[in-house]
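The block underneath contains the structure these notes are about, expressed in structure tokens.
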Amino acid sequence: MTEDQIRQILNDHREGKLSGDDALNRLRKLPFEDLGFANVDHHRSLRQGFAETIFGSGKSPEQVARIVESMAANQHNILVTRANTEQFHRVRDSVPEAEFNSLARTIVVRKDQTIRGKGSVMVISAGTSDLPVAEEAAVTLGVMGNTTDTLYDVGVAGLHRLLDRRDRMLKARVVIVVAGMEGALPSVVGGLVSAPVIAVPTSVGYGASFGGLAALLGMLNSCASNVTVVNIDNGFGAAMVASLINRV
Amino acid sequence: MTEDQIRQILNDHREGKLSGDDALNRLRKLPFEDLGFANVDHHRSLRQGFAETIFGSGKSPEQVARIVESMAANQHNILVTRANTEQFHRVRDSVPEAEFNSLARTIVVRKDQTIRGKGSVMVISAGTSDLPVAEEAAVTLGVMGNTTDTLYDVGVAGLHRLLDRRDRMLKARVVIVVAGMEGALPSVVGGLVSAPVIAVPTSVGYGASFGGLAALLGMLNSCASNVTVVNIDNGFGAAMVASLINRV
Amino acid sequence: MTEDQIRQILNDHREGKLSGDDALNRLRKLPFEDLGFANVDHHRSLRQGFAETIFGSGKSPEQVARIVESMAANQHNILVTRANTEQFHRVRDSVPEAEFNSLARTIVVRKDQTIRGKGSVMVISAGTSDLPVAEEAAVTLGVMGNTTDTLYDVGVAGLHRLLDRRDRMLKARVVIVVAGMEGALPSVVGGLVSAPVIAVPTSVGYGASFGGLAALLGMLNSCASNVTVVNIDNGFGAAMVASLINRV
Amino acid sequence: MTEDQIRQILNDHREGKLSGDDALNRLRKLPFEDLGFANVDHHRSLRQGFAETIFGSGKSPEQVARIVESMAANQHNILVTRANTEQFHRVRDSVPEAEFNSLARTIVVRKDQTIRGKGSVMVISAGTSDLPVAEEAAVTLGVMGNTTDTLYDVGVAGLHRLLDRRDRMLKARVVIVVAGMEGALPSVVGGLVSAPVIAVPTSVGYGASFGGLAALLGMLNSCASNVTVVNIDNGFGAAMVASLINRV
Amino acid sequence: MTEDQIRQILNDHREGKLSGDDALNRLRKLPFEDLGFANVDHHRSLRQGFAETIFGSGKSPEQVARIVESMAANQHNILVTRANTEQFHRVRDSVPEAEFNSLARTIVVRKDQTIRGKGSVMVISAGTSDLPVAEEAAVTLGVMGNTTDTLYDVGVAGLHRLLDRRDRMLKARVVIVVAGMEGALPSVVGGLVSAPVIAVPTSVGYGASFGGLAALLGMLNSCASNVTVVNIDNGFGAAMVASLINRV
Amino acid sequence: MTEDQIRQILNDHREGKLSGDDALNRLRKLPFEDLGFANVDHHRSLRQGFAETIFGSGKSPEQVARIVESMAANQHNILVTRANTEQFHRVRDSVPEAEFNSLARTIVVRKDQTIRGKGSVMVISAGTSDLPVAEEAAVTLGVMGNTTDTLYDVGVAGLHRLLDRRDRMLKARVVIVVAGMEGALPSVVGGLVSAPVIAVPTSVGYGASFGGLAALLGMLNSCASNVTVVNIDNGFGAAMVASLINRV
Amino acid sequence: MTEDQIRQILNDHREGKLSGDDALNRLRKLPFEDLGFANVDHHRSLRQGFAETIFGSGKSPEQVARIVESMAANQHNILVTRANTEQFHRVRDSVPEAEFNSLARTIVVRKDQTIRGKGSVMVISAGTSDLPVAEEAAVTLGVMGNTTDTLYDVGVAGLHRLLDRRDRMLKARVVIVVAGMEGALPSVVGGLVSAPVIAVPTSVGYGASFGGLAALLGMLNSCASNVTVVNIDNGFGAAMVASLINRV
Amino acid sequence: MTEDQIRQILNDHREGKLSGDDALNRLRKLPFEDLGFANVDHHRSLRQGFAETIFGSGKSPEQVARIVESMAANQHNILVTRANTEQFHRVRDSVPEAEFNSLARTIVVRKDQTIRGKGSVMVISAGTSDLPVAEEAAVTLGVMGNTTDTLYDVGVAGLHRLLDRRDRMLKARVVIVVAGMEGALPSVVGGLVSAPVIAVPTSVGYGASFGGLAALLGMLNSCASNVTVVNIDNGFGAAMVASLINRV
């Protein structure tokens, strides 16, 4: 409708209802956004078919439910990350098709099953304790329209499990590697595939893991040149970037 | 030639020269690599048209020159990163077409001008002190066969410089953002484009920048969901990942 | 009354009741404070019309209530920060006009509505999770006698929301910017206004935010030259300094 | 001249030379900056009478000299921070009135002696080793048009030196406190004055001072509520903010 | 009784019951401790009139009570630090004269009222939140036989409260200074007295206090040359060292 | 059975059922593991007589019980570390011979009493709070088939207790030293024995122990040249390495 | 002479030359210091017979020499710490009796040989690399009037060297322990003596010693209750506190 | 000769020359060491055939040469670590058979070629920049009497190089793994062998490697249970422990 406003100003000026100065002033006062500088976030979420996402942590069940309800009118997928059971129960009261993944801590409303990614994204994780983060990535990939393959519990101290699946790895267009403790897995995977690898350190570990710092530093210093890193436990973020790459 | 060895074993067994047990044992003893588990690194560098890369730091001019010479026989591009003038002079003695970029600290031997990337990669940097890292990324992108666009000196405290170039940004298939100090630029750029953003913290700054730690932490905590991060000052690594994404 | 004591000493000496030595000795023994070296804190709070402030954290409801009661006799505003519901209920029993802001975690007794600030102070915050700290600042600003404007949820990854309100920003005499995660917002705002910007890092975030450290370092390294920083989550402190600047 | 462009578009549309759609498109393509979204930095430096500033560190004498020359045409003051003797000699060749302060490491070209600050800014420093940072602040304050008072070598372990000058402190409209080691001085000064205090930690110290970290943390945790903090050794930044406050 | 053993060996050798070699071997096998290398800890606690001390944290009420009972037979004072109410109730069942200080979190059985310190030890603390640590120091000082003076709530931002009591400070033979946040108080006190100052950082604070790290670093970097430091929250340790100094 | 597969391929080729190319291809596709590259982990645990180990932390009683049940069929020892009472009760329902050590937080099913270590391993610990980690090491050593000696509560501030037992120390083939706080004990023990010393820092302490960091750094910087270090609180890991050394 | 000023004011008032108000005002304006609030630093250095001290680091030979000259008039000892050869040569030109200790990096002018300490202070150090700090402490102790005993190169990995000298240790009234690397020596010494122990961490070490951080943390977490700590490499500070304790 | 002293005391007592009390006293005064509490260090170095070791860093060529000369009389091997060319030239003047390894920075005087280790020790390193540390370990192993195998330049991003040599790895009795950057190699090797693995982090890397901290943390958090860790760059220490294990 801003476009209409501009046309109106141009028209009014043309028809002499608006002096040049007044037209200029009214043009200047138009909201910034309306001058063509689009809300990229919005773009990305809605026009490109990405799901709408809510960060559940710290929100009440009521708050989460209300946001989900307001979104449920349109036909996009909806994803709540870092969600808990209480939030899910309250959401399901309003939106019965909502699904909960207790391991990934996600609530998903899936309205759009379109596959938008050009290839497959693989999620690899090191230990069983890394599964919540790996699953958050996998759920996010699914709801964002990607074909996904997962390979869990393949730590670097048991290389054979990893090497046995090298064929599946080589098929992926993007690989997400989730690991805590020493965070070595992305380097090893990075050396086995030529696809971009997105490394997700997890806060899994104790003592000198310092809440994921050890894994984070390990991944940043990876000797493999196809590895980039996201924040500790940020399975969602890794999946978002992987989705973008999978569409380019 | 390993393939030949295997065929030989199969043949010898067929012809009865080798018992089943002996064939089995000889198969087991074949070098791992030869059993089809290729050297991915090698693959990547050579078969995929990537340049061969040498990390110059800590190597003598003689060492660098000898490595470059041995590579110069084939027709791949050659890239020396973290190079200095002494290394360059020594390399040029052997390989006269070598070129030095003193800002990027790179030596390049460019034999292959093929553009392999599907789109353009943009390199954006915040301050003039970030230029060496930004240029390392730009040179690497070039030598790896990408079309490159650069946008330098567009710090977040002067947004208009950035916003004025939003059209160029939107054209990039991948964006590399190089910034020191508070490392805020990738978040801002991440919100303006829908392409994947690779953030490179630099060690530029003083006091509480702690050698790039402030920028690194800022980028890892980016509120934009299309940002991944590489190590401090790792312009080369960012360009490698960008090249991979630009080819998928 | 110290002044009276000094006059008495002078008098006694004049009238010969006190020798020179005795007068000297008695002068020396007067309490330090009484010799004109005023309690600046007291000054600031009471003579300059600032509210009396209580740090609620770690105090029992009974303790908070008793302090508020003892202050309620005079006509200054009273502010309890980091307060909880129990403290509020107990305070309200004694001082019925007390008001609770559960988001800001503040109890306020507002007796003095005088506006003492010369201009307006704006509070800008990045994400919804930063609201408690932003509101603590806003409540403090109000109770200290400032006109306040707030602009919430304008993170750097969605610049248009920020740019749209540039007029309101430019009107502020001082700007407080509250942000967690990468802490980039103060740099961006600092580049858009010429007023002093007080940056408040928040402990909002996870993983490599390290309890607000990432935001704090980001703000200290701001490339905008009008930014100063207070402690993590210190909305109150930012508002105090802003109030001082707003009165100079 | 952008205004002219817009008027032209409006005119052309009015006169029928430009269809509504074409006018709309041309309006959208105007450079962002020209649409009234001014370069605040520029504003601040030039229209508000601030000096133009160059960060000398890492620039060659030639580079610094060329920038100073290009600025010397107009009548603004020019400030080079973190400058060295070589840079100064080269600058003086082109701009003979340039002055060097070797302690502050500043080159100043002073063309405009106007006092723009409404009051006086005081710079207080703890030890003799903090002087370079304190002097950087003092020089900056001068060149930005402030009346300045300095009080050096008044560490908290010798309080009497500080207390003796309380009258001078109380006269300042803004106080900058520069301290290394334990960084306690801003808290003490903050309790003695009611003006805003800008604390500058310095990298002075050894051992557990960790390059100024101890002083920085001390200042951020100040128990005085009128203290804000800038980056370690950032005397320039403190003076910039003080100048802004001194003009409001 | 070891002495008796040695005499016996000497005797047996003298009387020919033991050859030289056998005497030598038996001497070598005597327990190390018995050869005069006393248990210094024991010495200190018991012969020098120090109280016996139990670290209560992590022990069950039953465990604490049993240890106290076993000690209560002799006439030394007994001190339990980091104690809780449950431990106290259980101890009092067995040792009715036990006393609990809930602020200091100490249980004390006082059998020996002898004053062993040569002078007085002063405990100074900065804020009300530092009181548990200050009181732990004060209680320990008392039970170790020292005359004690306390001066609480005298933070560096309100110097007059401190300066007013300078006479009391100057009388102390040793001064313990307890402070959290910026930890500046020991430097200020250190500059006012010539006695040794033992600084105790506390974990009081939030944000960039990092659990007492800011205060600890501040104290280690003190510009006053009569300050030494103990661990964060270690009121007991400071009092032990002060007791030793007070007896030399 | 992989061996059988390879023999089959060889056979088929011999008999002409499989061309050379097909044999080659089928050989390439065999799972990596089956080509003789054994699962070392498995080897270690089972063929070498090590117990099977489960990390109990974060697993439900049901999960732990199911894993133990599935292992209980064979005759290996089973060890659950970081176990709790609930897990034990549930395990005991299925495997009545399971034993719980509440201090070590271990569940053990001991089927194999064979001593496999060639000598004795000693576990030394500094304070009573280090006992859980020391006991985890001792229990692990036992279940892995080692003769074990323990020496607890011998902190460096009471050297005589340590020196008195030097004979027992000298008999050990490997020594594990568990210590929190300053972590000095491994250096002292390292100087007293010539056996390899494995140092285990514990998270015991408060304030500047920073969760075991102080002890960890102390041990890494040990001036004794026979000391290596494992992660904070990793009694299990120390015992595993000690078991390996004890068998070489 | 301030006393005279006060007497004059009293007199003038008595004689009617000064009204009560004027006397009051003039009393208030007297310099703070003159009102009896002495310069403690000065006191300590000069009246108590302590040497005057100059921190040489960062000062030019000329600056050091001028300060020493100006002090050399009176009869106090003079100590320059962190001094270098150039500074010494320049000082000796003016003050021929100056002596240089190149290991301790001290210049000393010894005019006063009085022993003021009541007992002996012992300096113990761990390794040969700790000697500069240990010697700085020893030289300072001497110039401050203490009897000193030194025991060098007695690291905790060779306990016998330490234990052999236990008699000398037990004679000391205060013990300074200097150690780098793991910083364990103060704990061991603290358990062997009942005197107060002042621990000085040194920056000796590499890798995870992090410039003395490991030793510092170790000492702060000492399990011996008679240990306090000063800054890394602060031999001077330890000696100052030891001198104070040795005089009480 | 101490033994003689004791015999003498026993004799004198037997012969009545010494009373029981006097004998007791004289026994007590004997030097600690002489009472059988041997200098373990000495033992280890000399009786067990270990080389005598000198830490060259920070010592002058003259100092190193003098120490080497004094040792060269006996027939032990001598090892100088962290040595430089100057030290070597000076040593060779006195001890012509001394050899210098410029990569390992070691000077070796090899007099004893005895192999004392029971098996072979393997040294594996990740990158070419890790070679100095790996070589320090290898040289130390040799001079301490071990058979050594080395496997260099086998980073985890090129697994095939590592996997190809698995046979050699499996033959080692102890494995030392040297790696910088992410420090992942020990985990991978640990999973491939059942021997104890000693991990040596190196300071190789840049940016977020923080001088080896990333590698150190990675190794401490290794998911392989046969890995222990030594200090950053401590190739010597790893070799010492490996030598001990190789002899048990």
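Which chain is which? They are A, B, C, D, E, F, G and H, in the order written, and residues in each are numbered from 1.
The rule is simple: a residue touches a chain if its C-beta (ideal position, glycine included) is under 8 Å from a C-beta of that chain, and two chains touch if they have at least 3 such contacts.
This is a predicted model, so every value here is computed, not measured.
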Where chain F and chain G overlap in contact partners, by chain label: E, H
Target chain G, source chain A, minimum contact steps: 2
Chain separated most widely from chain F, comparing mean CA positions: D
Centroid-based (C-alpha) most distant chain relative to chain C: H
Chain centre separation in whole Å, for chain D relative to chain B (CA means): 39
Averaged-CA centre spacing for the pair chain H and chain C, given as whole angstrom: 59
Of all residues in chain D, the ones touching two or more other chains: 32, 37, 40-41, 157-158, 163, 166, 191-192, 207-209, 213, 216, 220-222, 225, 231-232
Interchain contacts (touch definition) - all pairs: A-B, A-C, A-D, A-F, A-H, B-C, B-D, B-F, B-H, C-D, C-E, C-G, D-E, D-G, E-F, E-G, E-H, F-G, F-H, G-H
Chain F to chain B touching residues, read off their complex: 3, 6-7, 10-11, 13-14, 20, 23-24, 27-28, 32, 35-36
Chain G residues within the chain H interface of the complex: 129, 157-158, 160-161, 163-164, 166, 206-209
Chain B-touching residues of chain A, taken from the complex the two chains share: 37, 40-41, 43-44, 48, 53, 118-119, 163, 166, 173-174, 191-196, 198, 216, 220-222, 225-232, 236-238, 240-241, 244-245, 248
Chain B-touching residues of chain C, taken from the complex the two chains share: 126-127, 155-159, 163, 181-184, 187-188, 190-192, 205, 207-210, 213-215, 217-225
In the complex with chain C, residue positions of chain A that touch it: 31-33, 37-41, 57-58, 201, 203, 211-213, 216, 231-234
